[in-house]
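Next up: some structures, all given as structure tokens.
Both complexes shown next keep chain A, but they swap its partner, so chain B is in the first and chain C is in the second.
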Partner chain A sequence: MSAVAIQAGDTPAARKSGGMTSWEKWGLILVIPYLLIFVVFVIYPVGYGLWLARHPESYTKLFADPIFFRTLVNTLIFVVVAVNVKMVVALFLSGFFLHTRWWIKALSLVFILPWAVPSIPTILSMRFMLNPEWGVINSAIFKLTGMDGPNWLNDPTLALSFSMLAHIWKSLPFWTLILLAGRMAIPGEQYEAASVDGASNWQKFCFITWPSMRSLFLTSTILSMIWTLGDFNSVYLLTGGGPADLTHVLATLGIRYLRLDQVDLSLASIVVALPLILPLVYFMMKRLSK
Partner chain B sequence: MSAGLRKSRITWKMVSTEAKLLLIGIPVFLWTIIPIYHMVLFSISPRNAATSGRLWPKEPTLSNFSFVFQQKHFYLDHFWAQLGNSLVIALSVGALTLAVSTAAAFAISRLKVRGGRTVMNMALFTYFIPAAFLAVPMYKTMGNYGLLNSQWSLILAMVTIASPYCIWVLKQASDKLPWELDEAARMDGATAMQLFRLVYLPLMVPSLVAVGTYALLLAWNEYLYAFLLLSKDSSVTLAVALGNFLAADDSPWELLMTTGLIYALPPAAIYYAFKRYMVSGLTAGAVKS
Partner chain C sequence: MASVSFKNIEKSFGATKIIHGISFDISDGEFVVLVGPSGCGKSTLLRMLAGLEPISGGVITIDDKVINDLDSKDRDIAMVFQSYALYPHMTVRDNMAFSLKLRKADAELTNTRVANAARILNLDPLLDRFPRELSGGQRQRVAMGRAIVRDPKVFLFDEPLSNLDAKLRVAMRAEIKALHQRLKTTTVYVTHDQIEAMTMADRIVVMHDGIVEQIGTPLELFDHPGNLFVAQFIGSPSMNVLKGTLRQADGREWVEALGQQWPSLTHAQARDGQSVHYGVRPTDITVSASGNGIPAKVIVVEPTGAETELLLEVGGAQLVVVMHGRTAVQPDDVVHLEITAEKSHVFDGTTEKRLD
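Now for the complex of A and B:
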């Protein structure tokens, strides 16, 4: 493909004054709208944000806030636990959806729903299910045992766990689909040959599926980590960062400070998140430009 | 005799395989459907009847929908305006993103504009930085530009967020078109814009549908930027209006769930209608292994 690309510049075309062909001119004109957007809505905000976050006092104030430390821990738990659980389940389910049955095909259409519908109404629906007084879960517990169920979202550990579940619920279909595509690209003859040799399903997975999926799985996991770091909705709409601001993650903390009119802390918390995000972004850029 | 035994053994194995598949399939189905069914159940139940624990209401009703459509609640005063806002903003973002990213992808991929690779890398970098981390700087910036509370701020912000990925998907698709087409066009003395209109656009239709839909859905579904950048009740999108229900403890759940269902239906319908394009165009583009 790159050999083809090199020919492009050499194609004879009518030269115009200024050493630019009309094609080159058009190239410039067509790329300008995006460049403008990039400068006005990416470069300027990022530069302005960094400039506003330049004071060392913002960082001392931020590090002195106990909520900040708690948020860092929450973010790490969220990224490590939620992403790994999600990706392993997605890998498993991609094998399940590989089976050809009419009802599995039908199920795959339903299964994609969490990804296809917006997250606000579904997360709010989960929030209502978890309501301690009227939610269906505690109503069921009361009916079955005659006792009041726990106040689910009032316990920081439970609340954060449910945020992770909401996140997994929303993004599991997408990753299952991606890994399913990866599995479908593996030639079927390899499995047939393994069956002839009497390989078990586990052996087939270890020696055929995993080696061809490893690279895709790694890329997907890194990308999923980046997206999970930026998941605002699953935490904000389910717990609102509560109880007592104990379930914030870095994606919601900046907004919390902004709402408290502490813009300097808000931007400082974003700058602090950069060392977490940039290595992952660098990895993805490397992968994609290969 | 032995043949009969063998036959029954195979059937037994098949049954156990089916059982194992069902053992996975049923939990997957329940896990997926419960939050959505819960929403549907609320929307067709009379007030205070949804929590009765029944799987289907004794007297299913559409009265919640008529409540929403007639805006008969404090939280729903601007329902139609907000639905309209969501629609106008999503369509504008879809159209603008499509225009900007198609032009950029064509310039980078086919016209080989100088610095095109750098532009592509900058765009990709923007794509990978989570939008939630750009929200506060974007909010401050829109304030500086005097665009806060104008729907333009949300439209432009969403175009900024959506276009990098669209440019990338379009460039990938465009790189696959045979180069002979461009050469033939040049030989015949076509201008760049003629090549763009007559050759490039018709061949790119499937990818254009995919990225246009992507941008449209991204804007329709957006919550964070919408609630930061817009504040007037009559100018916010439906997503923000849904979030506002949480302000009070005694929110009318059945109306919130009904509004949520109405809000969730168009993107789901679009998704299933364009599934063919979305799956091939987007999942293939999302992760290049």
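Now for the complex of A and C:
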């Protein structure tokens, strides 16, 4: 037999007459620091930003700017192409890194490096590599062919493509690791049973790997889209939004307006990204809370 | 149905050799159980037969055809795994039909085979459920159904009952045995549980440290264990073993151990003064309250209803005796043990091999 002690303060009668129980008081005290931080660092800045971006004329000016629509298109291309290419490559690379051969283990350490090194020096290095006059790529082209290489970052399509490449190069290791963890959670006996049943490697992928990974893959893709919408470095450090402001994405557009002293447009450009981000966040949270 | 043959099978993981040249044959339609403690190599041997593990040395044949380099799918085997390894995203029906689907079998044939297997295993009401909606025993039956649908030459079972509770294990044991009696498919079954081996096998292969200790029918192994390891591994509770010295006089033979004389048959290979292990099964000792037997002190009495297990002390060593029925014996009582020489087992003290 065990005895359960009930404190007098916990009874409904005491609650009615005396207000909060001691448990509730302690709960409130422990929650207060978090609430303060949330209000000061989340509610206030977001609220202030929305308040600064409250004027309808900011949006009229923003929508009238041809760069804005170019930016919107760039953002959609960036999110759809870069994220999907990255996630599909990560899905297959995770299968490669599942192998236990020593050289694959060694290669995986090198493969992690782009994700582990800081963004600014690496992406600036890429920018230097792509320099049309003294960049390592064009120097090599000149040595090999005797001809000048293209001005890579002066072509908007090429420049945006290189930004996407920089983004993929930087974040591919992270998503490969996440999907590798997902693959490692699939019991090996399922693959062995499939071998005995007569499945080829592709059939094992279709009937075992993909059904098990589908949910993780979709959640990772949504999360990656949210993060990619906020990826400032890959575009700004490589192209600076150029040439002629034609490679901006929503994450870099705010800085462009700030530099032009148009704070209201800068904040409005952030607010217009919310209809893209919020449904993704809602959809992801709904999936995670299942 | 098929015969299986292992010839000098070896397996190494890097520099570590874990199977040291195993050879034995399995006849067409036979139910052979590989049994042994963890790490003895029994599962590895099964996995080499299944094609899930490369063979380091030797030859495995199915129906006299060497299968060493064949893919699993080309060996015409079906395997039931310890964790069942059902495909979680497929219904029971799809799990069972999967191998035929991969072989692009005729839909009508697939449906007939699945329906037959479901009927044999009482899976009809579960065909549209997913594995997560099934109990452990039901999953086990689906795994067996998946194997049956293939109609393979050889069934392989890798500790299939280890994840089930004790009661279900006994029930499934009977089901697997009944299934074999019905289908008569050659079966290789791996377990560490000697009771499973005893109750199911036509023949048992006892393995230890990568070698075969003994092969025989369950009762051969029980009645004539070839060495001390088999003697102690087969049988529950395990055989009582005492270290002693063999004595011969007047055409008689006995073993001196714990300051007592333990009766034994005469052995042609034995010599007086030889160091031996003397073994007697707990069920082969008769206990009486008075008499001329070896005196023993009762330490614990464990009644299980039909039987009573006694833990006894003789000369500082402990012995287990299983009595049929019930007893009035109490702890601290002194009882007398009677053993007939025919029921004793004597093993060489050094080689631990049985003396005949």
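Basically, the second predicted complex is superposed on the first by the 262 of 290 C-alpha atoms of A that agree within 3 Å, B and C clash if a C-alpha of one lies under 4 Å from a C-alpha of the other, contacts with A are read in each partner's own complex, and residues count from 1 in each chain.
Keep this in mind: a contact is a pair of C-beta atoms (placed from the backbone, for glycine too) under 8 Å apart; a residue touches a chain by one contact, two chains touch by 3 or more.
Just so it is clear, the model here is predicted, and its values are computed rather than measured.
Annotation: superposed three-chain arrangement on chain A; chain B versus chain C shows no clash, the two fitting side by side.
Residue contacts after overlaying the shared chain place A:Ala193 against chain C, while chain B stays out of touching range. Using C-alpha centres, the superposed arrangement gives chain A a vertex angle toward chain B and chain C of 80 degrees, stated as a multiple of 10.
Judged by the number of chain A residues each one touches, B leads among chain B and chain C. When the shared chain is aligned, no partner comes close enough to touch A:Phe63: not chain B, not chain C. Within the superposed three-chain model, A:Gln203 lies in touch with chain C and out of touch with chain B [touch as defined at top]. Of the two partner chains, chain B is the only one that A:Val117 touches; chain C does not reach it. Legend: residue contacts after superposition of the two complexes on their common chain; A:Phe128 is shown touching chain B, with no touch to chain C.
For the pair chain B and chain C, the least inter-chain C-alpha distance in the overlaid model is 6 Å. The residues of chain A shared by its contacts with chain B and with chain C come to none at all. Chain B makes touch with chain A in their complex at residues 21, 24-25, 28-29, 31-36, 38-39, 42, 51, 53, 99-101, 103-104, 106-108, 111-114, 116, 119, 121-126, 128-141, 144, 156-157, 159-160, 163, 167, 175, 179, 182-183, 186, 191-193, 196, 220-221, 223-224, 228, 239, 242-243, 245-246, 253, 256-257, 259-261, 263-264, 267-268, 271-272, 279, 283-284, 286-289. By the touch rule above, chain A contacts chain C in their complex via residues 187, 189-190, 192-199, 203, 207-208, 211-212. The residues of chain C lying in touch with chain A in their complex are 50-52, 71-73, 77-79, 81-83, 85-90, 98-99, 102-103, 146, 150. By the touch rule above, chain A contacts chain B in their complex via residues 1, 4-5, 7-9, 11, 13, 22-24, 26-31, 33-35, 37-38, 41-42, 44-46, 48-49, 52, 93, 96, 99, 101, 103-104, 107, 109-114, 116-122, 124-129, 134-136, 139-140, 143, 169, 173-174, 177-178, 181-182, 215-216, 219-220, 223, 226-227, 229-233, 236-237, 240, 250-252, 254-255, 258, 263, 266-267, 270, 273, 277, 280-281, 284-285, 287-289.
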